[in-house]
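Read through the structures below before going on.
Two complexes, one shared chain (chain A), two partners (chain B, chain C).
Showing the complex of A and B:
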């Protein structure tokens, strides 16, 4: 027979406060989604009727589509750069026995701490000399600075829990370094690598401040959204937001699916 | 293949982890490095494996100087304390790894992996992942992976540390049989003296970066060259006495005549617990004294007694028990303790 569970005030308080926080986080979505399918031509809640017109307008407007493509390009390049630089950097920060490497490890998070405005102004000065202003790849390079800490933190955490004896074992069994990294180390870091890559992608895809300074006439999606709000408020912005939320949600979903990687997928295989 | 370690020194800052180690392992021999933690045995193993480069000295494998060769060029099979299996590969993929690194043809890899798994009786487990196996099974996979490519030397780094007693004993014998069958030259690292006695052709006892003594288990047990070896290997009574005209005066036991020539002065006598006779059995012993039982430990097939000798030191005695034996004496009882001088080993000074 089961013992009856006693009602606990503590558990009740915990559950209700968690519920409130969850509601607080979710409410914007509950507003944005209905507005995106509104029949009204201005932001009105609750919407008077249903219509796909704002999605249609987004798809018909080459300005929106160009900005979307540019953002995807920039986010992809940013991901490639952040991973290409961040993974080797994580190895160095975790494995190096040089004095001061721990300080460097802390400093790797600096781009998150430095106000983005400051970073933007600094990069503006450098990029204008390099003629990178107004180019989508300029934005991608700037976003790489912001994405790098995510990669270093995630991959570094994965590396720290990795058993280095395995690399010694592989070396003893006849493997050279490139093959040890490729066959033994990286496959086990896969969850961290996938999470890091998606986070880098999202951090660039979502970023506004650097894009405002650096993208010029070739706008990224967040910049275009910002301009849209400034000039002509209509529910297109809600439709774009919903699409953006869906894309980011897809990234996060894929991360939790493959980011746990080694564990769940290999057992089922 | 024959291994020679010649004058190897390895310093970490001011500390010498290895202070000039010489060691020879014959072809097909099972040699154990036995020592407490911090004695340098792991550093020695890493030097042989190539993970450490010595400051001085040389490592020779089959006459070839491999002191500076990277680990992957040494062809040594190594089993780590925590096995170091690759968790993202199946058992068969793990065992195939060293063969793939040597770019053997596909059919040969399949055949040899199968052979190696049969050798450790895991042929049905090839498609499993390491985490789906028990500790003992993982250990055997690690062993199969270490021998599958026909290594020139097998290195075992405390491979049974994480296993429970029963499993450890079974695996010890299994490893020993496998090693004999494949005639693998083997260097085995442990801090467990019982394990060393069970498995080895010869044992090298290490302490503070030096090898104290090398020899077959029985010889080390009966005739330890230093006080440290006498104390570390098995249980021991080390009795101090003063020697005059071939007779040592030992407090609690009186005069003990010693065979052979020893310089006069203070001597240390090693008396194993099983050499001591108690009560009626001690009556005929040439050396005797009275002892009071301080503690009795029942061990099943034997019993251990700690006795305070009258006017002397505390000694440990171990007496065999048969099912019909009366219970060993209880604490507080006083009884005759004796031994025969032939069972005494004089531990060299130094």
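Showing the complex of A and C:
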């Protein structure tokens, strides 16, 4: 399988250009770490000394903590909804032989393609009539629309590689369908399910455009960060950023341990 | 055992069961996605007039913004392709550990909030940012370079955000290329570069066009990064839409702009998709 490893100018150029691109990708993530532990009272680089002051300020400010709690709530509800709706939908989209199912497949993937700004103002119009602006569960419902395609793609990919004969065997032995799905099918889909759930959570936790329009005065964490950036660049955001990067890193690590090793499949169908 | 009628009935029951499984999610997509979007688009022709479309597609100011958005999307797509291809090739040839580390370096930024990354670029590229400060301390420049609040800053920020969308499809396409093909070519005496150009590269084109379609479409609707890094000097159509709703409460005009944006998005996505299929025929 492996290509023969030869040292050549070509390979060297390839490796170094890839290395530079990886550096470019990681640079914005790396730079917030030193700033977040700076002892300076404003943005200064390199930091003159070490201090936890910005983390302290984050933890002491009820505005930041409330926004964090709201984002965790919204992301949790979004995950539950996206999984609860998306997993059954994947069964339908993968297994049905109805003629119209391909159109519905497109509909389920459409939220990736339709610009978020359009969905945002469309929902802003509807939600403001329903008095849902400023409710965290309104944001969660909107985020569910964006998370559904990820769930459908990941779980669908898992389902396609699953051998349905196992279900028929279980049915032949007299098991009822809900029990078969629960005891035979879903356990084998576990890696896909875990990846899908993490992705749904993170996609909601990080989302800003929908939250900007729908969260009103009760801000989610990204909205609070956005407002903070607009007003002043204060290193508290660097501390919050570091916490977010660590959370994503944790989710990625857990996904690669227990999930389908394929966040890759997310976008490469 | 069972008559044809029986099996047809079982099949119908199976289809009904599957449909009922999908129904709640489809209802949700209908109510929270399709209906609100269609309702918004319909506002653009409220009162039976096309004046909002005329304003959106004829007024010089708005035409410029639309053209700029298309230009930015094309540039971002081009730069992403140039940067992504070598990375994808390197990843597809790396060993287990290299590939795992590479994917981590790709996916960690990918799933980190766009906001965090945009903030970091503000810190890096600003007048007194990390880069300008360092260059001045080393005596390489006298005055700070204008890295932010211009087109360059917007491009840097957008490319960083969208690059993984280009790398991953190309990487997936390269993994599907049967390594025996290029081994056979090299066994027959073709130099490595030639077997790459004639075999590997054409077979990776499906990934290239999938990546280009995604990156182009996503950058066309970009909002946060140009708003923060452009400093008001780079206006994209999504920012215009937001402004119409937020500041002027001009819903019909925002709806007309949204319709134009959505139409451009879908047309370009379909066109690039068609190119893909054409490309596959050409290589198969």
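The rule we apply is simple: the second predicted complex is superposed on the first by the 252 of 269 C-alpha atoms of A that agree within 3 Å, B and C clash if a C-alpha of one lies under 4 Å from a C-alpha of the other, contacts with A are read in each partner's own complex, and residues count from 1 in each chain.
Keep this in mind: a contact is a pair of C-beta atoms (placed from the backbone, for glycine too) under 8 Å apart; a residue touches a chain by one contact, two chains touch by 3 or more.
Predicted, not measured: the structure shown is a model, and the values here were computed from it.
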item	value
Partner chain(s) touched by A:103 [first = chain B, second = chain C, both, neither]	neither
Touched partner set for A:169, first chain B, second chain C, both or neither	first
Chain A residues touched by each partner, larger count belonging to chain B or chain C	C
First, second, both or neither for A:117, with chain B first and chain C second	second
Touching partner for A:231 - first (chain B), second (chain C), both, neither	neither
Contacts of A:9 with chain B and chain C, given as first, second, both or neither	neither
Chain B versus chain C as contact partner of A:24, first or second or both or neither	second
Touching partner for A:251 - first (chain B), second (chain C), both, neither	second
Residues of chain A that lie at the interface with chain B and also at the interface with chain C	266-267
Chain A - residues contacting chain C, complex	1-3, 8, 10, 14-15, 17-18, 21-22, 24-29, 31-32, 35, 43, 45, 81, 85-86, 88-89, 91-93, 95-98, 104, 107-108, 110-111, 113-119, 121-126, 141-142, 144-145, 148, 177, 199, 202, 205-206, 208-209, 222, 225-226, 229, 233, 237-238, 241, 244-245, 248-249, 251-252, 256, 263-264, 266-268
Complex contacts: residues of chain C adjacent to chain A	15, 17-19, 21-22, 24-26, 28-29, 32-34, 36-37, 39-40, 83-84, 86-87, 89-91, 93, 95, 100, 102-124, 126, 128-130, 133-134, 160, 163-165, 168-169, 171-172, 179, 192-193, 207, 210, 214, 217, 220-221, 223-224, 228, 238, 241-242, 245, 251, 254, 258, 261-262, 265-266, 269
List of chain B residues in touch with chain A within their complex	49-51, 70-72, 74-78, 80-82, 84-88, 97-98, 101-102, 129, 145-146, 149, 155
Footprint of chain B on chain A - complex, ascending	163, 165-166, 168-176, 179, 183-184, 187-188, 262, 266-267
